[in-house]
Amino acid sequence: MLLLVLILIPFIGCIRAALQPSSERSREAWLAAAVGLIGLAILAFQFPQISQGEVLRYQIDWMPAYGLNLVLRMDGLAWLFSLLIVGIFLLVVLYARYYMSPQDPVPRFYAFLLAFMGAMLGVVLSGNLVQLVLFWELTSLSSFLLIGYWHHRSDARRGARMAFTVTASGGLCLLAGVLMLGHVAGSYDLDVVLAAGDTLRAHAWYRPVLLLIALGALTKSAQFPFHFWLPHAMAAPTPVSAYLHSATMVKAGIFLLMRLWPVLSGTPEWTWLIGGAGVATLMLASFIAIFQHDLKGLLAYSTISHLGLITALLGMGTPLAMVAAIFHTLNHATFKASLFMAAGIIDHESGTRDMRQLRGLRHLMPITATLAIVASAAMAGVPFLNGFLSKEMFFAETLLVGSSSNYWMAFAAVVMGIFSVAYSLRFIYVFFGRPASDLPRTPHEPPRWMRFPVEVLVVLCLAVGMMPALSVGPLLQLGAQAVLGEQLPHYDLAVWHGVNLPLVMSFITLTGGVLLYAVLRRRFNLAQSSRPPLLHRINGQRLYESLMLGLRSGASQLEKLLGTRRLQPQLVLLVSVCLAAGVAAAISLPSVWTAAHSTPLDLPFALLWLLGCVCAVAAAWQAKYHRLSALALAGGAGLVVCLTFLLLSAPDLALTQLMVETVTTVLILLGLRWLPPRQPQLAPSPRSARTARLRRSRDLLLAILSGLAMAAISYLVLMLPAAPGISQFFLEQAVPQGGGTNVVNVLLVDFRGFDTLGEISVLAIVALTVYGLLRRFRPAAESMALPPQQTNPADPAARQIPEEQVNGGYLLVPGVYLRVLLPMIMVCALYFFMRGHNMPGGGFVAGLLFSVGIILQYLLAGTQWVESRMHLHPHRWLALGLLAALATGAGAVLAGYPFLTSHTAHLELPLFGMLHVPSAFVFDLGVFGVVVGATLLILTALAHQSSRAHRLAHANDDTPHQEEP
Amino acid sequence: MEAVIALSIGVLFASGVWLILRPRTFQVIIGLLLISYAVNLFIFIMGRLSVNQPPLALQAGTDTNLFADPVTQALVLTAIVIGFATTALYLVLLLTSRGLSGTDHVDGREPSA
Amino acid sequence: MSNSMMSGMHDMSLWLAVPVSLLLVLGGLITLTGALGLLRLPNFYQRIHGPAVYITVGTGCFLIASMLYSSVALQRPIVHELLITGFVILTAPVVSMMLMRAAVYRDLRKGNTDNTPGDAYKFPREH
Amino acid sequence: MKRWLPTPLMSLALWLLWLMLNQSLAPVHVLFGGLLAVAVPLLVAPLRPTPVRVSRPLVAIRLLFYSLVEILRSSFNVCMLILFSKKGLNSKFIRIPLDLRDPHGLAILACIINSTPGTVWVEIIPDSHDLALHVFDLHDTQWWIDMIKGKLEQPLIEIFEQETA
Amino acid sequence: MSTTLDLLIMLPVLLPLLLGAVLVLLGGRPTLKFALNLGGTLALLVLALTLYWLTDHDVWPDGVGVYLAGNWVAPFGITMVVDRLAALMLLLAALIATAALLYSLRRWSRAGVHFHSLFQFLLAGINGSFLTGDLFNLFVFFEIMLAASYGLLLLGLQPGRVRASMQYVVINLVASSFFLIGVALIYAACGTLNMADLAVRAATLDDGQRLLLETGAAVLAIAFLTKSAMWPLGFWLPTTYAAAAPPVAAMLVLMTKVGIYVIVRLWLLVFAEQQDSWAALSGSALVAGGLLTLAFGTLGLLGSQEPGRMAGFCAIISSGTLLAVIGYGGTAVVGAALFYLASSTLAVAAFMLLLDLIGRVRNPSVEMLAITMEAFDIDDAPDDSAGVAIPAATAFLGLSFMACVLIITGLPPLSGFVAKFSLFHALLNAGAISALTLGLIALVVVSGLAAIISLMRFGVRVFWSNPDMQPPRLHPSEALPASGLLLACIALSIAAGPASSYMDRTASALHEPQLYIERVLSTRPVTTENAP
Amino acid sequence: MSVQLLTLALGFAQLCVLLAMVFCVIRLLRGPTAQDRILALDSLWMAAMLFILLLGIGFASTVYFEAALLIALTGFVSSIALAKFLMRGEVIE
């Protein structure tokens, strides 16, 4: 339970901090400090149990079926790391209290810092590997936010993005690795996994698992070749650098390698991968560090190099190396955090971190200078300081691993040592010499409590360096025991081991380092802006930036290549893919060519369809330049379709198709006025003509192929015997149960009335959409002018308004016919409606017929005249129709039957005898209403556009004449 | 008869496909019209062909095997109406597009040369 | 010619079958002739007279044939044919009227009122 | 009466139409047809600005017969011309001054002329109230003028413009 | 069937239809209309929750509720069926609809004449597609949904929107034609339209009918895959999403999932059990298509700058993942896929809403400058070390954006991570692990990485590179929906255990189609005897 | 006997009407003017009506007459809409 508190309080603190007003300063720091103190208290409380070798566990079930639970598990290693995390957090909070500027919105800073601490504690306390990854990514995230804290600076943004990209990618690899590891081990639970080392090492997946987990660890710990993000992360405020980039976050990778050391290590692959990366990093980074000019840059590379050292130790795979690794982790955290803070103080006080400017700070801030010098000495590995001890252990191990025949590791260690002495000297040099006069600010000692954390850490360095067994001994024991268990080797934490080879190596590094620095110093002074020799070409950051840029542009290129934003290619693809899918499905089966039955060829029918086909092809051919012809030709094809329906026993379809044909023609004609005139283009360039030809050939081929496919599958269907399906039921039950002899109509309004309800909804929706669209329709400028027919003086009707035309003009006579026709059409519509249930007809046909009658009046006398005399309210027709259909269904529900259950009312009327009124009749009435409403709404909305143009045209009478199409 | 109707469906469909691949909106709308003819016929013939056997069960107890499949007819009816609605919608959409962009290209802008 | 479209022919006495057949043949011939006119005549103003023949007389022949045939052979009232006749009479004139006027003014607007086959409104005698 | 049956002829036509469509004289249809015959004209009344008056049914019947004969005759002529005319046809527009003003009369005239093969109505020229007519094969303009004015226009004037004439 | 309770199955369709019709009749009374619309949508939410509960408890046998519309017995009439999957989808739909509607309160509901009616019709279409047990009825509901979406997409009538609609409409019309062709072929093969009956009959077909069935299914699949934006059929999606009004875009996100839903439903019901070469072929086609879609979405996301298109590519990635995973098959995998579906749909929908709000703080010129400077590695003012206070609204946006990114990219600790983890877990434990499994996992990981890079680039550009950023004006009705959806995701992460076990139950029910079939075909109509 | 006669006559009439439709379609294709095409389309509709009438006779069924009736009633609508479009440049003013 305490474990849960330990994990939760930072997050609670984070939320609390985030809710503070942004001007708040001290209270934030106190809040953070309180969190840190509580954590420390909990850790102290748990020490007795941990030191007994107990493993504390606390489990909350999260996704037990998937083996993912929140398991908090504290052993010695976790305790040690927790101590590190919480302890340094406290110091950093204290330091930050004075470091952050009054303008900085500190609540955000502390919130992020607390979140980070929580995430970090989560990593070290995870008893489940997936949970570890979860917190791992949270550390990446919170570090991203912390690095980008000063987000108005582009270096902060870039540094944050880079750090996050690299570490989050590593995290994803880690997740994959952990999942595979869990699969091999049979569980994600750490205890189970730790026990499955032998299984894993023998498993075929060992290498991928190792690689993926190593990728996670190496990216996080900024190991070569992923080291480049860390120097850029220095854009973060210094407390962040001190906390994340020296003591904690970068140690998460190290922690992971330690945690999984029992499972993963002990193989040549481990040594080569981890050890190799470590050695490469320590050499490279320590070398580059010498040539930095930025204090924090130097410290960053130094950090990388020390992390490389620890990684190299872990890569060695021996238990003693493990102990050394843990020891150096602690040491590095203390001296590096203090150095970062010192650098921050210098920056804070002098206004710069450029070592080329900083001189003689010893005179201006003597205490700070002393502290920094001691910490640097620890970093350089000077005896009686903690760095010396762990480095010596490192040297000893390199000798041990390399054995007598192979000294390359020892050699690398010595070289690294020389470099680190050199850069430590370079760091120290800022305190010596004559004070610089050209600094942005005149530095002096920082506030008392700002220096306090540095003092604490330096005291720790000294304490460990002088009395290791007393100070750090128990802690180290605790950590090493947790990892190594039975394998815990004997080691001796003493300042003096006598004169041995490691001591000689230490001596060489110290003198070598001083010499190297002396040699190089002149060069620094000569070439202030020199880049690190040899290695400046290996620029991870450049590589990263160009990779990101390349990714973006490459992806965008590829996306353009593999995708399109134009319609035609999409349709080509759609049709081709469908064709391919159909053909693939069809040919994957054995051929079936057993003709079942066929109707004898009928010459008239063939002739009819010859016409239909000719019309269709001609419509396709004419549609570009001769719209009217194309429309007429498509109408011809439609007529043949109607006749086919009629001929093949589908009178209902024929009637409906006939009406739809008419309405569609009127509709498209209404739209034609707003389309631009199209003249054949003159002489395109030969190249574009060729591509156009190619494209047309491709489309033609595709069209022919899809036509062939449709023809083939149609023929196949017709040759196969019909499956005994549901249709017999309808034919048999239409009269007894549906109460109508027209089976199609009974299907539409009863058996499958729900489909029809949906279908009229579609109609209603489209009508509403069309109405909405047309209300805000703005025609193109050139089609606003009146059509040439209406402005040409040759026609006496040219400037007559529709009303004049029909009541005295050329439409006088046609008007008489159409006005006589209207009531007749209405009666016919009613007729088709009433008989629909028993004979061809029904709501659709009737509705369309009725609408056609009304539209004829519009056509004759114009919108204004008709609407001034008749209020149609198509919206109401539409809504009431839909409601009527719904009400029919709801009536059944009220009667206790399912929705849309049909009933027949049997009315005994005096004169007429028995009348059977099926409820489907009301439903069909709804259909009728919707069809009328929708059709009228669409057509009149379109028609209104013309009258609008007319009003505009009459407003300015001298509209330019337009060429007749 | 079967071959004739199958071929006809093929021709209608091919003409429609050719048209919907064209760049002008009017071509596309005529193409959609032709495709809907083809598809309606296609659905229709899934009930196989029968001449002069409309599904009108005028007397109860008639041999139902004589009738054409009413289900496909009901489906086609729905498809016809929906096809009409969508044609209307596309028409108005293409007019709107033309009004806003000044072109009748399907992409709402003339292709750059 | 195998024709599935005549599956329902009923028997009837010959003296009625002959006129019905004759009417059918006559209607067919007139229809064909009218359509031929539409096809072959040289300009629109002449072509418009072709279909007029079959719309009026062809329809008439078929309708009378149908009336005779159904009223005798099927004992069915003949009213539908009358309705069709009525509607054709009501609608056909409007189409030709509108179409003719449209064609005339189209030509007038184009200005080709010379005596070519496409001429429009060149009245032989002015009032 | 006037209020409920503003257009009795139309009502009659609609009633007949309903009965014919249903092919039945059952009381339901008779009554429902009657209902329609009253309701529908009332519904569309706002859209019919010109009232119709008809008299002299005998003249109408004579006109009908004359027209039928004329239609058959012209039809034969036109067929022959289409099939066998080797030389060019003398298709011409002619003008016929009309006295008939009633829109319904003009409509019937148009119906007869357009139903007669070989003649197509173009329009009534606004200023002169002349009928522009297209004749398929014109031999004698005056014959056409006389025929239309005498045999067609006159009876129509009698039928439709009795009171006003 | 006992009508009273069973009526609940029908209401998610009937209620919006009714409301849509009523809203047409109410003229210009925006407040009343909005209130009615919201009331209806909330009622749908309650309904969806009820159905969610009902299907998961022993109310109906096997958790399958059947409603016989028109009281016609199963293969003949149209049946509406609710099971766990349908209930889950209904719930998702209702959640997103509520958020989208609330979001449109201030602006978008007034941008079009019949917004409210169209919105309700859209819901009717979507819910109907989830509930129907009839293939042709599915077509009808698809059309309702599409028709309403056309109307909503054109809301406000901007040139870009019209241009996008031209694509969207034509492609959907053509896809609908394929839908019809597919349904027709299936009817020709089996003589039935009822999905359950289809599954029964499909098992007993001869060679010829089998050919028709499978060709029909292939064509039908193309229609659904177009709607779920499989590569190379989904190029319309980013364009459309980028153009749509934010609440509509959120609904479109949902609609992409309707295609996926239908594929899951039909494929598992009718085809996956067939165990023939075709089933194997179609499964691998689905996997291949999904992988390609995933790859394409990844490329698009990496390459695009425009936020709307980025969101579109996020939806494509989600679709691709789902298609591949569903094609891969297996109960556990499908269960994880459903979890992923829920999480990614909610997150991308929230993202759509957020993008609009974010659009208000964006300053394109400043952003361009920032991009250029970062590309050319120019540092600006590194010595200015005092921070900039972020006003609460911006902080809210930033936090919500971050949550969205976490979920979409699958980073811990939110539902996106849980979803991806369960997917990987299920894939690794689904039996034999092939190169395909690992490839799939790798691609999903890479797509997540691409999403991280791209979305972080965007977020940094918007929230960090904009020194003169004015705090945006946020209305609660705009802030609430997006955060509500995100809260749903967070709830999903916290309740990951129960949620994923629900998904697993759903998946295992899907893998036992005979229960569904049995329930549909054995439901008897109400007779005069048993009517109340 | 009379059945054969009638069948023959009806077949002949059907063939004639179909040929008439062929001629109409040819005119529809050839144009050359828009009015020619509209005329051809209208004639095609009328011929189709005749064809349906003949079908009704052949099948001895009233169902077909309904379709013919509908063509007679509304077949002209698209023709006059087209004509009006030619004449005025728009269908509904």
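In this document, chain identifiers A, B, C, D, E and F correspond to the written order of the chains, with residue numbering beginning at 1 in each.
One rule holds in what follows: a contact is a pair of C-beta atoms (placed from the backbone, for glycine too) under 8 Å apart; a residue touches a chain by one contact, two chains touch by 3 or more.
Listed by chain with UniProt protein names: B = Multisubunit potassium/proton antiporter PhaC subunit; C = Multisubunit potassium/proton antiporter PhaG subunit; D = Multisubunit potassium/proton antiporter PhaE subunit; E = Multisubunit potassium/proton antiporter PhaD subunit; F = Multisubunit potassium/proton antiporter PhaF subunit.
Here the structure is a predicted model, which is why all the values come from computation and not from measurement.
Novice: Return the chains common to the contact lists of chain A and chain D.
Specialist: C
Novice: Walk from chain C over to chain D along touching chains and report the minimum step count.
Specialist: Step count on the best path from chain C to chain D: 1.
Novice: Pick out whichever of the two, B-E or A-B, is joined by more C-beta pairs in contact.
Specialist: Of A-B and B-E, it is A-B that has more C-beta pairs in contact.
Novice: Work out per-chain C-alpha centres and flag the one nearest the whole-protein C-alpha centre.
Specialist: Per-chain C-alpha centroids ranked by distance to the global centroid put E first.
Novice: Nearest whole angstrom, what separates the Cα centre of chain E from the Cα centre of chain F?
Specialist: 50
Novice: Just give me the whole-number Å value for how far the CA centre of chain A lies from that of chain C.
Specialist: The computed centroid separation for chain A versus chain C comes out at 68 Å.
Novice: Rounded to the nearest whole Å, what is the centre-to-centre distance of chain B and chain F, using the mean of the C-alpha atoms as each centre?
Specialist: Distance between chain centres, rounded to whole Å: 21 Å.
Novice: In angstrom, rounded to a whole number, how far apart do the mean CA points of chain C and chain F lie?
Specialist: It comes to 9 Å between the two C-alpha centres.
Novice: In chain A, which residues are in touch with two or more of the other chains?
Specialist: If we look for residues of chain A contacting two or more partner chains, we find 565, 567, 571, 575, 599-605, 631, 647, 651, 672, 710, 717, 722, 725-727, 730, 752, 755, 759, 762, 766, 769, 773, 788-789, 795, 810, 813-814, 817, 820-821, 824, 828, 839-840, 942, 964.
Novice: Please set out, as single numbers or ranges, the residues of chain C touching at least two other chains.
Specialist: 1, 3-5, 7-8, 34, 36, 48, 50, 80, 83, 87, 90-94, 97-98, 101, 105-106
Novice: Got the chain D residues that touch at least 2 other chains?
Specialist: Residues 17, 21, 110, 121, 123.
Novice: Across the complex, what residues on chain D touch chain A?
Specialist: Residues 10, 13-14, 17-18, 21-22, 26-28, 31, 36, 40-41, 43-44, 46-50, 103-104, 106-107, 110, 121, 123-127 of chain D touch chain A in their complex.
Novice: Tell me, which parts of chain C touch chain F in their complex?
Specialist: 1, 3, 5-14, 16-18, 20-22, 24-25, 27-29, 31-32, 34-36, 38-39, 44, 47-48, 50-51, 54-55, 58-59, 62-63, 65-66, 69-70, 73-74, 76, 80-81, 83-84, 87-88, 91-92, 94-95, 98-99, 101-103, 105-106, 118
Novice: What residues of chain B sit close enough to touch chain A in their complex?
Specialist: Those in contact with chain A are residues 1-27, 29-31, 33-34, 37-38, 40-42, 44-58, 60, 64-65, 67-71, 73-74, 76-78, 80-89, 91-96, 98-100, 102-104, 106-107, 111, 113.
Novice: Quick check on the complex: what are the chain F residues that touch chain B?
Specialist: 59, 61, 63
Novice: Spell out the part of chain C that touches chain D in their complex, as residue ranges.
Specialist: Residues in contact with chain D: 30, 33-34, 36-37, 40-43, 45-46, 48-50, 52-53, 56-57, 77, 79-80, 82-83, 89-90, 92-93, 96-97, 100-101, 104, 120-127.
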